[in-house]
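Take a look at the structure below.
Per-chain numbering from 1; labels A, B, C, D, E and F assigned in written order.
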Amino acid sequence: MPGVIVTDPPRADAKDVETLAGFGVATVHEAMGRTGLLGHHLRPNQQDCRVAGTAVTVLSWPGDNLMIHAAVEQCGAGDILVVTTTSPSTDGMFGELFATALQRRGVRGVVTNAGIRDTAELRAMGFPAWSAAVSAQGTVKATGGSVNVPVVIGGQVIRPGDVIVADDDGVVVVPREGAREAGEKSLAREDKEAATRAAFVGGQLGLDRYGLRDTLVQLGVTYRTYEQYTGEGS
Amino acid sequence: MPGVIVTDPPRADAKDVETLAGFGVATVHEAMGRTGLLGHHLRPNQQDCRVAGTAVTVLSWPGDNLMIHAAVEQCGAGDILVVTTTSPSTDGMFGELFATALQRRGVRGVVTNAGIRDTAELRAMGFPAWSAAVSAQGTVKATGGSVNVPVVIGGQVIRPGDVIVADDDGVVVVPREGAREAGEKSLAREDKEAATRAAFVGGQLGLDRYGLRDTLVQLGVTYRTYEQYTGEGS
Amino acid sequence: MPGVIVTDPPRADAKDVETLAGFGVATVHEAMGRTGLLGHHLRPNQQDCRVAGTAVTVLSWPGDNLMIHAAVEQCGAGDILVVTTTSPSTDGMFGELFATALQRRGVRGVVTNAGIRDTAELRAMGFPAWSAAVSAQGTVKATGGSVNVPVVIGGQVIRPGDVIVADDDGVVVVPREGAREAGEKSLAREDKEAATRAAFVGGQLGLDRYGLRDTLVQLGVTYRTYEQYTGEGS
Amino acid sequence: MPGVIVTDPPRADAKDVETLAGFGVATVHEAMGRTGLLGHHLRPNQQDCRVAGTAVTVLSWPGDNLMIHAAVEQCGAGDILVVTTTSPSTDGMFGELFATALQRRGVRGVVTNAGIRDTAELRAMGFPAWSAAVSAQGTVKATGGSVNVPVVIGGQVIRPGDVIVADDDGVVVVPREGAREAGEKSLAREDKEAATRAAFVGGQLGLDRYGLRDTLVQLGVTYRTYEQYTGEGS
Amino acid sequence: MPGVIVTDPPRADAKDVETLAGFGVATVHEAMGRTGLLGHHLRPNQQDCRVAGTAVTVLSWPGDNLMIHAAVEQCGAGDILVVTTTSPSTDGMFGELFATALQRRGVRGVVTNAGIRDTAELRAMGFPAWSAAVSAQGTVKATGGSVNVPVVIGGQVIRPGDVIVADDDGVVVVPREGAREAGEKSLAREDKEAATRAAFVGGQLGLDRYGLRDTLVQLGVTYRTYEQYTGEGS
Amino acid sequence: MPGVIVTDPPRADAKDVETLAGFGVATVHEAMGRTGLLGHHLRPNQQDCRVAGTAVTVLSWPGDNLMIHAAVEQCGAGDILVVTTTSPSTDGMFGELFATALQRRGVRGVVTNAGIRDTAELRAMGFPAWSAAVSAQGTVKATGGSVNVPVVIGGQVIRPGDVIVADDDGVVVVPREGAREAGEKSLAREDKEAATRAAFVGGQLGLDRYGLRDTLVQLGVTYRTYEQYTGEGS
């Protein structure tokens, strides 16, 4: 794996990123037709935190954080660092020192398919992180890899400059060309959800709001009293 | 799976539920002879929270939350919604909108073998949840299932109307016919634990309190000084 | 497994333990040449907590906490209880009553490869715990085991009297003979990290600080503009 | 867990069991409306083997095979031993000696949620086994449990006397009262599958045979040539 | 997820596919610079089998095999069906009937991130399969998805027409534009391996053949006799 | 991790190894008081194979097989190579070329906590392997490690020269000083098992042979007819 470091990839429009930052991961994921989710194995290191930014991607060898050092130089204000490894790894590739360097550059957080460490320090300094593992296990700087090439986490392709939205529910990627549309659709969905919320508060049922009573009938789902059900044998 | 929605199942007596709400999951589980635990894979979405309620059960197709809509209508004050799927799924079947509808009806929480989302919002609105996964992954409303039939989570059968007790340690089910007895035995156990706690605070050892020194002898467990032990080779 | 309870093993020097308590798990692990980590599967039951102490070790049968009772008597001020089972188990072997007995004796925490319960109570009483699982599942007192023999968790050997350091990142073991050296190296590493932190805050890059630009060249990692990269096909 | 050993439970009719033995697990599971499957974590110890029998159930403490000894006495010709533990365990609870005792009694196989050992010997003696793990780890005989009470594996309730069908695809349980109907429906399904197989061999498509082209249209699934698809951007 | 079925995507050249079929997965993966591997979670349903073919891709809803029916029509001689789901699923989406329909069309096998069933039948009819699970669990035909769009399995992007090579070691994807080069490099690697094999048979060591003695020295790895090592303390 | 290669460690007596080769893993594990098992996650790459040999141990960085090259030189007739990594890894560190080099030196097999590849070739050449994963994923030769230092797999310490016994049930380690005793105890156990087998074939029950009827009574396990049991409510 000789590796390549790609410089100055196109980034999603900053205004579109700000718009997406206003929505939660679930909303953006739904607005994009239920796509883009990086998988439930990525867990936040903090609570009640939501960020959005443009991806700087890193593909590293397991147990090796050399390419994160190379990636720091490629990061700027508004970015989110996205790190994966060529094969599964739980090592703590990212900690407080990297966060210090990135925070100075205006980077908004880190997302990794491997492990993080210095978790208390990361929370204390307000640098949000999402990872597949927490591990103090240290790494070496011995093997090449790539920066700003497309990477895959949880079945989703992430290209440099794509928008990353992350909150307590997980992480979603929005292709940079689709950021504006995703923002508009998220807004529309949020409006719709607000209306639904109001209706539910008012006592309406989803069965009625979404016309699901017919669906149940068509699917052959029937109603039984408890006496009927137990009387029929189960 | 044509499916059936069972209406008005018998529910455990409300007073018995209140009694059980006063005990932790571990206490109730022990009081019932170490049975009823739904498994360590169910984790709370919040901290320092304990609830008890009567189960409204849902059996859904993976990736499909149609039957949760049907279940909302069957839920009333004091219930806890219990959701499982016909095969393993981590999708976020349950979120803030469902919680809004349920909270209005006096439902006390949700327990699911699949995933939840809107986790920050659920905490903010004070609607407790226990789940096997957190995932923003959305679901469809396309396949039938059942409401208020017996379901199984973590090897335990849960029938509609059974008592669910949940806290930071997990979730336990108490058969509705056994709710009173479980409450009484929990109280007895709590008294016994209080006495043990006082004894331990006073310096007594479990070895003496439970007569375990004899047990050790009978099992052939021997005492050695460190010098004896290392001198004998290990 | 007849089992043995070893009394009064040598313990690491208390002053060395205090020194190590001042460093995080990641620092100590790195200072020891990236060894000693008990594995990322051990998770803390609390946040923002760091302890160090001398190990009292327990080897139990799965589903059986008899030997923890035997171990309590062997525990003294400054110890940390370390519990593992002869085969994998997630049962809640340790809870508030044990913590009460241990806290009275000046024990600083518990680390277990199996499960804990009463997690809210443990946090409330300030008794820190690290475990592989949280489960209310109770255990019996029927089978022998050993106390203060060498045990293995996460691939690391832990002997009685070795130093355990635990924080939000996990748990590390320091052999008792190496405690002083580990403390000195941790201090040196912390100094080095402080200098690096200051340099990063000042804008220096890891690429330059660690001389990694040469490494990248030697490994054949090349730089490309985005246009070059996409023009070349990927 | 004081435990109980239930003697002479009703068993499914032997002729119905024989009928079900003629079908695979997938066929029986489908014939029962896609229910009864014990979960994909149970794997066969042999290849190209299919059996059916009546369940003798065992609920054991983890790491303890005492109750299997008690269960042997309750087993007779045509039975299949079904073993689970009160909490997760991978220990090798069952091996060649048990198989020898059971084979003599006409027992047809073993299904366990825990581990087996002597796997080569079991294959050599033609005693089929399905388990969640293979492990040489030995067990004790120290804690009580139950025989012939309802147990749960993989979310399915298994009562003594229910029919167990097992093959290379896994294990399915058929409630003893439903054995005849399951056999009849399995036969019907097999006939239907034979017709479908013939149709597929003849070149018919599932799209046409099941009328799925309309379904696709209703769901909004559209056809695009590759040029259209890539021209539209993806 | 409205979904799209893409017809007649470009396919890798048949001759290049044949060439790649002559190499194992490990060889092709290495020849491509250690890329393209679909992950160790995909296991073969048969032993001693190696195939290569062009991918027809399917993206399905979990628990739903509707889109596999749509995909059959898009499959032709020399193809391999590649199926994944929008969120994790272990259901048995693929079995003997699909294999019958595909075998008639000259399809060479199936690769799926979900489950398969009828595993004995698939082996008997000589239709190779690689899957993440074996499960008899049946599926519905209720939700849309896509055929011949790019999908991701195990972190690798698979586009329709890309080459799939699969054997006992797993599955690797070769981008269709790179098939020729991958074949040439695989041949070169195989030649190199044959030379290495001969050298190893002749007694040469990898340490000498690859010049690794210098590497060890540079990395500070030292040689010690057992006496030196144990005398120094460990 | 500078690393060390230890030469000519003491090895267990060859005759004792031969003796142990005559017993299965389960027998040896039981004979040693149920210790020494390397864990159920190590699975054989072949069926119906049993070997014993003396350990040459390797501690490698994840994704790096440099130290296996160093270890080959330390291997001789009768050895078994034992490989683990400093943090979890599933990469295919070991394949046919290493097996070729080792087979020439009279090495009897490989045991690894990480992954293997060329699995069909390993079977074809009769070189047995036990591993935690099968993966074609290739590795680099960039980071130091150690050979013939004590390593830990599955909670067991393995020192160079210790005896490894492996079969279809897994892998067990016997400390080299205890090899003779383990052999003698295994023989005794095998004799005892032969007697038990004969008794079981003759119809004796384990309940009687091991005096377990009393145990059941002491534990409070009771017998009930099915009518009594269901009449009492369950």
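Couple of notes before you dig in:
To be clear about the criterion, a contact is a pair of C-beta atoms (placed from the backbone, for glycine too) under 8 Å apart; a residue touches a chain by one contact, two chains touch by 3 or more.
This one's a predicted model, so the numbers in the text were calculated from it and none came from an experiment.
When the CA atoms of subunit B are superposed on subunit D, the rotation angle comes to 180 degrees (nearest 5). For the touching copies subunit D and subunit E, the fraction of interface residue numbers used by both falls below half; the interface is of the different-residue type.
Per-chain CA centroids place subunit B at a distance of 41 Å from subunit E.
Each of the following residues of subunit A touches two or more other chains: 2, 34, 37, 86-87, 90, 135, 137, 142-143, 150. Interface note: chains touch in the pairs A-B, A-C, A-E, A-F, B-C, B-D, B-E, C-D, C-F, D-E, D-F, E-F.
Within the complex formed with subunit D, the residues of subunit F that make contact are 24-26, 29-30, 34, 37, 39-40, 43, 47-48, 50, 167-170, 172, 193, 196-197, 200-201, 203, 205-207, 210, 212, 215-216, 219-226, 229, 234. Interface residues of subunit F, counted against subunit C in their complex, comprise 1-2, 33-35, 37, 84, 86-87, 150, 152-153, 155-157. Subunit C contributes residues 61-64, 86-91, 135, 137, 140, 142-143 to its touches with subunit D in the complex. Residues 2-10, 66-67, 69-70, 72-73, 90, 92, 95-98, 100-101, 104, 115, 117-121, 123, 133-138, 141-146, 148-150, 160 of subunit C are the ones that touch subunit B when the two sit in their complex.
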